[in-house]
Amino acid sequence: METLLLTQVINVVYEVLILAIIVLGLAVVMGLLNVLNIAHGEFIMIGAYTAYVVQKSGLPYVLAVPAAAGVCGIIGLVVERFLIRPLRYEPFETLLATWGLGLLLRKLVELGFGRGYRSVEIPVVGSLNFFGEAYPTYRLVLMGVSASVLAGLFLWYRRAPTGARIRAMVGNPVLAEAVGIKTRELARNTFVTGTAMAGIAGVMIAPLTPVEPFMGLAFIVNSFFALVVGGMGTVAGLFAGAGIIGGLQSVLSATVNPTTAYLAMLFLSILFLWQRPRGLFPRP
Amino acid sequence: MTGGYFEIEKISGGYGSGRVVRDVSISIGRGEVVCLLGRNGVGKSTLAKLACGFLRPLSGAVRLAGHEITGARPSENLAVGLTYCPQERVVFDDLTVAENLSLMRANRRLDDLDRYFQVFPRLSERLRQHAGTLSGGEKKLLSLVRGLAEGSDMIVIDEPTEGVQFENVVRMAELIVARKNAGASFLVVEQNLTLVDRIADRIVIMDHGEVVLSAAASEVDREDILTHLTV
Amino acid sequence: MASFLVRNALILAALVLLPLFLGEFWAYQLGLYFLYGLAALGIGLTWGQVGILPLGQGMFVAIAAYLTAYGLFGFGTSPMAYLVLPAASVVVAVFGFAFAALVFRGRFEQGPSFSLMTLALTLAAFQIANGWSSVTGGFNGLRNIPGLPGLDGFLDLYHLIAVVLALSIAGVDYLVRAPIGVLWRAIADNERRLAFLGYDVALLKAAGFAVACGLAGLAGALYAPQQNLVTPDLAGFAFSGDLVIFAAVGGRATVLGPVIGALVVGVLSAELRDRFPWWEIVIALFFILVVLRLPGGLMTLFAPLRRLSLGRNAVPVPLEAPSKPRTASPLSVAFEDVRVRVGDVTILDGLSVRTGEEAVLCVIGPNGAGKTSALNVMTGVLPKRGGRIVIDGLDVLRPEPATVAGKGVARKFQTPSVFPKLTIDENLAVALWAGRWRLFDLLRPSLFGWTSPLLEEMRGRFQFLEQGGKLASALSHGERQLLELTMALITEPRLLLLDEPCAGLSHEETSAVIEAIQWARQYLNLRIIIIEHDMELVRRLADRVVVLHQGRFLADGSIEEVQHNPEVQAVYVGGSR
């Protein structure tokens, strides 16, 4: 019984960490830059397809990480130049434009790969014995990688001048330009970082889910509402959002059923959008 | 008047297509402090923003050390030695005081700022605090220190003393004069005569978007200033 | 009015006669796209006019379709079945109204979060429709829904749908041209200004959203008998998204645009989707293009045609607006120890000041003295942390812009706040209607003819107001200041708050403003509070001057008394304190 409980706890931690990794790219783009990138899920999808292609070509799976970051980064660069910047990073306008972008990316991938599911093989097979319970090794690897990536980013964001400069630019763009921050370039690089991170998230989850053109929709819904609940632009908000939405989904899915979990997330999000649109830990 | 270090030439502009500033020319020599006075809403801050690249002039030109910088981005202007301290939202509220000062420093060290901290010990006491928790006057001190520490030869400051107590206004004046003696030029938008009296080489007064008086500080009649500024 | 009838009769005839040329299959296909057009019509109204983008209209289509399905199962061939259609539409409209009114209450410019809420709602509705099999039939939906009694074949139903669509287009056409349409566009333009004129913005927005929901409901109600099938897909994310794309591609700013968008995109998609795999990419690219460059959508292509049409609005008959009740005394205001803090900054630090016998009170003080903040806290822009604000003898606990305006307070902002996308005449009309309209007036085009002696006086003083068809955005800064002043005055307030009314004005314009204010104080018997730095203006207007400093009262009296007050001198030139 105890081990079962332990497995449950690990499952919840796993769900939360995976969601945090999935949200991360959007947290950068939406949380820091206020761009409501509805096509975030499609960047994850493209990352997953990149992983599929890398694996099919017989290359080591690890190579998919830089490949996906590159592909999604380049798409992000083009999108920033021709969609986001002309719309002056306005939240509402970019929401509409990225809506169209999502449609476009889905259809392009569908044309290239077809509508059918592709499966990516789990790169690390086997399971580890965990207090008498077998637990898939890849999941543990994922948890480890996610936790270290998040921790690393957290530290970098706190310490490196870039993190402070992004915060400075978003909080006070006029003064940022005055103290010598090239705000246009910084915003572009931040956006591209966000899309590249989405690509990497796609590589990480590709072996666990059917890879298909519409897979991004589920991710965008979860990520979006995780940020709505947690709050934009803060590390605490990212963790709180991923924790609450991921934890709620995981616990309710296990105890009641996935539909109830999904509905609970939606109604919680509506409640937040209505009464606390800035979330639990908003940027000051 | 020609051949000044920082030259604003027949500049017009404002927000959008509005013309808040009309054909204003100001020339500032090397090591000269020009104080720009006038009531609220006459276009002083707009002029400062036009000169520093925050607003695009409808007409006119800005030159720094003989090079035209009209329409350049503020971050580019800083790179060629033009510093600007805004009137409003003068610091990054969600960064700490230390981060505000070290933001653009590669090594993030603040050793060379000791002389400022000696003048304003309040700032060094609060280095770890978020700048948003400072009072309005303390934010202005932080903003001035940030601007002076950038090491530019041309410094434009918009209303540095708003909410600053008398003793600190005097200290601000001392820091500005010290930098002036080291060769820097200043354009200071100001209403507070405590500061103006201590720093100004020349006084320019604006009204309704135009320059109505420009003269050496020693030659300006105090009554003249008062009629332009007060009730 | 005549052109309105001609235009809409033509649309009706075209829609009804279309199948004569196309045959039965197309009657079925077109009927379906007409229904999509009906729902998109509503999106065009809320998005293009009111400025709120609903992302989940599919949910309202779905609810009405499920309701109608049950109604049709229940009534069978009884003619009562026809009542089900409007009933389903009304139910979802009421639901939409209640939801929107609740969400919008007490909040301004909540655009994106409202859109996301509607998106979340439709995602939830999809899950519920899928999961609640006993009622909705689950994934497979409700099948074999009976058709409407007395209608045989697709052609009959097509005609019903065509008539409903044509009437709905006419209805929306009427609404956007009626006074309420102007108010909706005013909301999209400058919500706060409208609230400061005393309008209940939340209710107006909810009304617009309710109309859209009603249209989505009609579409759903007709969908059930047309398809004989209702599935959860109607509440799906994709369908709601398609509706938005129809509205955007067709042109959200026009009445017909969304309908044309639905027809063009829908019909072409049906034809080309299978034959031409790049088709949906073309749609996506066009949608992106619309967002980036072509907010008018396909209707932009027809814009030159519209200039040729006879659809010019007739000049309304001038009509005296209902007069406002005049009270003998101007409004009094008292601040008692009012405190305001924003974050850590104290803005008002126990401000106590009250109006007296004077008609014109000028408030002066250096930057950051709390002058504008005092007006803000009084009109509900800033929350107070302590003290009392007494307006007209009543302690106002939580002031809100619309309620304060309802007491007879008009406010002119520091930077001119007008409706830039409305014409001069529309700007003036919105101000003139404020506090004068009664129920259903907002549907009467005759309101456009309203005028008042005060408005005519102002038109005489400020000549540019005569160019009524000009957009306010085309006015100069000074003209916008004068327009806003006129708008504030023609509401015939008992208290007028002016925040630097002459900022950015030329000398001639300044004189014109001073003369207009002096005339109005005689004509209206009102009180005016002016925040001003221009001492020339203070000297000419003020009966009494109040000086604020650091959020507190410093001194008051006549202009001379204040001028000679050493304390006042000191704060202005920053002497030692």
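The letters A, B and C name the chains in turn, as written, and every chain counts its residues from 1.
Throughout what follows, a contact is a pair of C-beta atoms (placed from the backbone, for glycine too) under 8 Å apart; a residue touches a chain by one contact, two chains touch by 3 or more.
If you're wondering where the values come from, they're calculated on a predicted model, not measured in any experiment.
Trainee: What graph shape do the protein chains here make by touch: line, ring, star, complete or other?
Mentor: The chain contacts form a complete graph, every chain touching every other.
Trainee: Which chain has the mean of its C-alpha atoms lying nearest to the mean of all protein C-alpha atoms shown?
Mentor: Checking distances from each chain centre to the full centroid gives C.
Trainee: Cα centroid separation between subunit B and subunit C, in whole Å?
Mentor: The mean C-alpha positions of subunit B and subunit C differ by 42 Å.
Trainee: Based only on mean CA positions, could you tell me how far subunit A sits from subunit C in angstrom?
Mentor: 36
Trainee: Just curious, how far off is subunit B from subunit A if you go by their C-alpha centres, in Å?
Mentor: Between these chains, centre-to-centre, one finds 43 Å.
Trainee: Among the residues of subunit A, pick out those that touch two or more other chains and give their numbers.
Mentor: none
Trainee: Can you list the residues of subunit B that touch 2 or more other chains?
Mentor: Residues 132 of subunit B each touch two or more of the other chains.
Trainee: Looking at the complex, which residues from subunit A come into contact with subunit C?
Mentor: Per the stated touch rule, the residues are 36, 83, 86-87, 91-93, 95-97, 99-101, 103-104, 107-108, 111, 217, 221, 224-225, 228, 259, 262-263, 266-267, 269-270, 273-274, 277.
Trainee: Where on subunit C does subunit A make contact in their complex?
Mentor: Counting only subunit C, the residues touching subunit A are 53, 103, 110-117, 120-121, 123-124, 127-128, 130-131, 237, 241, 244-245, 248, 277-278, 280-281, 283-285, 287-288, 291-292.
Trainee: Which residues, counting only subunit A, touch subunit B once they are in their complex?
Mentor: Residue positions touching the partner: 161, 164-165, 167-168, 171-172, 174-183, 283-284.
Trainee: For a test of understanding, state which residues of subunit B touch subunit C in their complex under the given definition.
Mentor: Per the touch definition, subunit B meets subunit C at residues 14, 18-20, 39-41, 132-136, 159, 161-163, 166, 169, 191-195, 208-209, 226, 229-231.
Trainee: Subunit A touches which residues of subunit B in the complex?
Mentor: My answer: residues 52, 54, 73-75, 78-79, 83-86, 89-95, 99, 102-106, 108, 130, 132, 146, 150.
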